[in-house]
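To keep things simple, chains are lettered A, B, C, D, E and F as they appear, and every chain counts its residues starting from 1.
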Amino acid sequence: MNRDFFREVFSCFNEINDDKQSRVVVISGAGKTFSAGLDFNDMLDMIGHLTTTGPEAGDVATKAKFLRNMIILLQNSFNSIVKCSKPVIASVHGGCVGAGLDLIAATDIRYASNDAFFSLREVDIGMAADLGSLQRFPKIVGNDSLVREMAFTAKNISSAEAKQLGLISSVFSEPKEALEAALETAKKIAVQSPVAVQGTKIALNYSRNHSDRDGLEFMANWNMCMLQSDDLIQASTATATRSETPPKF
Amino acid sequence: MNRDFFREVFSCFNEINDDKQSRVVVISGAGKTFSAGLDFNDMLDMIGHLTTTGPEAGDVATKAKFLRNMIILLQNSFNSIVKCSKPVIASVHGGCVGAGLDLIAATDIRYASNDAFFSLREVDIGMAADLGSLQRFPKIVGNDSLVREMAFTAKNISSAEAKQLGLISSVFSEPKEALEAALETAKKIAVQSPVAVQGTKIALNYSRNHSDRDGLEFMANWNMCMLQSDDLIQASTATATRSETPPKF
Amino acid sequence: MNRDFFREVFSCFNEINDDKQSRVVVISGAGKTFSAGLDFNDMLDMIGHLTTTGPEAGDVATKAKFLRNMIILLQNSFNSIVKCSKPVIASVHGGCVGAGLDLIAATDIRYASNDAFFSLREVDIGMAADLGSLQRFPKIVGNDSLVREMAFTAKNISSAEAKQLGLISSVFSEPKEALEAALETAKKIAVQSPVAVQGTKIALNYSRNHSDRDGLEFMANWNMCMLQSDDLIQASTATATRSETPPKF
Amino acid sequence: MNRDFFREVFSCFNEINDDKQSRVVVISGAGKTFSAGLDFNDMLDMIGHLTTTGPEAGDVATKAKFLRNMIILLQNSFNSIVKCSKPVIASVHGGCVGAGLDLIAATDIRYASNDAFFSLREVDIGMAADLGSLQRFPKIVGNDSLVREMAFTAKNISSAEAKQLGLISSVFSEPKEALEAALETAKKIAVQSPVAVQGTKIALNYSRNHSDRDGLEFMANWNMCMLQSDDLIQASTATATRSETPPKF
Amino acid sequence: MNRDFFREVFSCFNEINDDKQSRVVVISGAGKTFSAGLDFNDMLDMIGHLTTTGPEAGDVATKAKFLRNMIILLQNSFNSIVKCSKPVIASVHGGCVGAGLDLIAATDIRYASNDAFFSLREVDIGMAADLGSLQRFPKIVGNDSLVREMAFTAKNISSAEAKQLGLISSVFSEPKEALEAALETAKKIAVQSPVAVQGTKIALNYSRNHSDRDGLEFMANWNMCMLQSDDLIQASTATATRSETPPKF
Amino acid sequence: MNRDFFREVFSCFNEINDDKQSRVVVISGAGKTFSAGLDFNDMLDMIGHLTTTGPEAGDVATKAKFLRNMIILLQNSFNSIVKCSKPVIASVHGGCVGAGLDLIAATDIRYASNDAFFSLREVDIGMAADLGSLQRFPKIVGNDSLVREMAFTAKNISSAEAKQLGLISSVFSEPKEALEAALETAKKIAVQSPVAVQGTKIALNYSRNHSDRDGLEFMANWNMCMLQSDDLIQASTATATRSETPPKF
């Protein structure tokens, strides 16, 4: 992952968010591995800007400003996945390390094949992870002790361990199967009412960062509007009349 | 579940909260299934109020006000379970779908039998769930990926999967056994000091919506009072003296 | 655990926090059991202060002030483990009950041997736990139903159940093995960059008490400084050049 | 103010909230003074319940439960003013002390006549105020130093000082004028669009308890619905066409 | 203010934020009045999109999605003023109503001339304000009663009243003087260390949305970096040595 | 103010907090001026630690750690004033600048004489203030525009302006009078019930950092205990019986 990659993720998910035809996204890796994390050469090039002869040379404060802007830019790239109102499914095979793990922490549903392994690799290059893993893991998985073990040692965990951790919802024997299952789930999501699906994603994102009370008030305000949608009338009529042809949204 | 059901739940749990004799509640379903969720006919009747000839006809804002009040009324019904200072145990068999799942998300302890299945069904009728599941699940279970899969596809999960998800604490082979275990646990709770048990429920509810620091300060303020209770003196004396007859609260 | 123990934990972890040589801590129990919780005689002695003839005799408000100060003192003892910027690993064998459980809830990584059992014992002595379990469990484990069952009944759970709950990351057959594994993990942490490891602990502590957004902003501010450290340059150069000798921090 | 008064306030403001005809409320005092605060005889009667021979006699924990329920009941009475979606205007003359001050802290707009004085009187009867003043003042006025002086000494402040403090928006020479001005303002509010006015009150209440960001998101969700109201179309058309007859809502 | 205006504000303040030469911004109005708020024709055109024959025609949910996006777009315009790390000063003359008031609520320092008047005008067109006034006023001024009176009645307040409210820090007799004073203050800010000034703005923005504790922790993390800046060394040396030539940043 | 001063403030206010005889504190300056802020020589000495030959020499991260600990130490000094359960009154004359302003931002009640002036001086030495002013001002005064003007320009404001800002509750013609008034107020506070006064301070501190709801719940939990105090019974009986001798606490 180099800076181009982050920029593309950002513009891609903003586009999908606005596109009226898209309803769900599946992310997988094309090569042997899902993601090896940051591109080191690009990173060293970036850090090169800060050396005495680089374009961002200066005192600690000058460098800090440059670095803060850079980090926020990369964070916003993965935040665009979270903010995209359409569900995003990741299908992981091979390695998913460093920024790759930050990426899937921003998706909604995570599948993996047996050969997959996961690692919070940042500590190995002398830094604390800053692109989302450390922020989102405490809210999406169920074993803080294992998360910290991963974060402090950069160790790999297997798909089976990732499932027990609560990071992955299903493990498949082959990468191909994981991807097929992801596409199958995507299809099931795509036939549902977009009003219902997107409202659900927004509500779940909101709830994990707010109290129960705030979450419930949010939803009452949301649904006072959305329960007036045609989708609801169509779907609930179909259900009530036990219609054999499913409603089309 | 129709509007009467929600009203009864509300008044029932308010009564239990105030009743000096009650110490713990067990909820189970009488029929073949724990709960099939909302009563569609009642829901269509309610929506009928909003049609051009209905009693709440009007513009979008008028309907929104009616719907918001209705949602808050139903939310308050299940909130009364959370706010009830006495522990509430749910024993689930058969289906537990839609509003049924919202209901058990508001209880304290959840048991299920092998035949039970769970489904966030709302998306199937074209709406985002608004009665508590989407708000409470991110805080009470350990696999956000599976929660979202359930929420976007309305799929069923089995008791075993629900246990792995962290929704259920024990699975039993038969509905009868699940209920017996629930009653057994209820008995164990009932003999404990009500001051201790109710303080514990209030503290756990508070903690999941606040920071560690706020949670600890809450508890220091609570116990500066409650450690002066007779229950504490009685129980700690019994423990210290290794008394053979358990203290009676 | 008596008052001396709490004072020692406090000063010990403050010292470790400031000590430039220490990088990681392992806690284990020397006897047959990890911890039996509060020392009852000390507790009765403390409560004795409040009786009519004791040094803190007085009305309800006077006693409340004394108790509140005492609780905050004990809470601060275990908080010093959380605030210590170096990772703390607990290796548990035998019983880990009451205040012992509060203690490990404040550590970062938890290992246990097969013989270990865990119990939120406070309800048995007529009080709601106030030293951290009820505050931290909702954020570090993945099954709220089981947490509440433990909290309301004071029941024991086994190592295997604790692992499924998400409280423990690994179970070992013997106490000795658990401790060895803890020391092994400690070694792996100790060779990593302290800047990276301590930044990671601070970020994880912060994230579980704040929203994603606040967590990400926190980390951008932290790393605008820490990415200027020598450790990062050394480690990332070693990785980029595929150096065979690991960097030394 | 005795218990009957608190119960009546509660049911009165709940009724007004639901009543489709009401649009705004003005509160004033009928006698020589706006409010002398709690009725002492009623309070002593209430405390009498807790004495050894009273109906709520018991240990510290039993009394605490009774007192907590009582406080929450009284708090909910004044909260019903805050939660009522229609604006509430207080016109104060003479004394406004103790619970009287808690009451006006819950209203939206506060007017006073020259003879009025205000006092946080609770410290004089040996207690910290618990019905809203200490909670709402830090958010609605502009001089924390003066608030604390009032709270620690129970001193009186005049209308002029109250205006400088930011508690009162206008001072009038006579009680009658203050009331007339309040009624005049009420009329101006009553001719505005109820959708706009009530949305504004809900937004202001929300904003003072949440971050800017949360407040803005709340309003975007609210207005995605409310901008579809007939009131908006009617009012904006009237403004755009410079219609001479004001729109009627 | 039409949609073009909002887009320009957004890109303008993003540019200023990134521009290394800019240090402070002054906003004033060119015509007779600071701002008359939203451009009605543009607004009616926008609403026209939602009519049955418009490009965004559809059910309530479709329209809601369009409106929500539109509101967020406008909010982000004024948020760019808040997020811009350089101080922004508004110099107001004549009317400052509706969206004009939302705009100045997003600036840092507000000056006005005697002829200026301020109005939360939105209620007059049948809507609750959604561009920042209702969200930011409760945190930046000192009289909630007056804010609500303005918000519910759309009444005008004068410069003098605005100063007493705490909205304006200085009132000048003529528009020209207000602008000159704003430019004078801008100059004083421009000669200060940008590291110090921008850190101060970020800290103040953060503090009003977080607890004292969070605010202090934020600042400790910020300054552990920024106290290593050359600006600090230069400025503090100049002060300590009582240098006659001011430091240049 | 040098490091010794900060250490003494810390230990002094911790002692006062624990001391059973003390009920209220008055702070004033002995010399010509209340406080000139940080001692520059001490500060330069501290920064000297960080130079290449100093004891804390090292890379950016090493220096950051040293600086963060130092800032937190100084912050904790003034936090001890806020956390001290007894009210603290500041009587200001002459200059109150830089850290002097941070100090009074931590007190409860602020008085000043006519000759006093106030300045957020940190920007003048190239840094953003980090000892409390920027964190507490947005919550204790009523004119954010003026606060930011002070913070960005380091300008002086007079006592009269400070009163209008809401920083000071009373201005007196001479330093001596300000101090006498402070002592007079201290006496009035000292005769009140300490249970009531200290509960009030704790509640006000809590409220400004939490929502109304959280504030009210906090107070219900506090008073379920404190309303059982002897002070309440004594004071309310004295009031009810219109006793001529005031109750003695």
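In this text, a contact is a pair of C-beta atoms (placed from the backbone, for glycine too) under 8 Å apart; a residue touches a chain by one contact, two chains touch by 3 or more.
This one's a predicted model, so the numbers in the text were calculated from it and none came from an experiment.
For the pair chain C and chain D, chains touching both partners: A, B, E, F. Matching CA atoms, the turn from chain C to chain F amounts to 180°, rounded to the nearest 5. Annotation: the chain B:chain C pair of sequence copies touches via predominantly different residues, less than half of the used numbers being shared. Residue-numbered contact pairs of B-D overlap by over half with those of C-F, the repeat interface among B-F, C-F or B-C. Chain E and chain F have Cα centroids separated by 30 Å. In terms of their C-alpha centroids, the spacing between chain A and chain D amounts to 45 Å.
Listed for chain B are residues 60, 64, 139, 141-143, 166, 195, 208, 210, 213, 221-222, 224-226, 228-229, 231, each touching two or more other chains.
Remark: chain F residues 59-62, 64, 195, 225-226, 228-231 touch chain C in the complex. The part of chain F that touches chain D in the complex is made up of residues 87, 108-110, 139-143, 166-169, 185, 188-189, 192-193, 195-197, 199-204, 207-208, 211-213, 215-216, 219-229, 231-237, 239-240, 247, 249.
Every residue of chain E that touches chain D in the complex is listed here, in rising order: 40-41, 43-44, 47, 50, 60, 63-65, 67-68, 71-72, 75, 79, 82, 122-130, 132, 134-139, 141-149, 151-155, 166, 208-210. Interface residues of chain D facing chain A in the complex, by the touch rule stated above, are 210, 214, 218, 221-222, 224-225.
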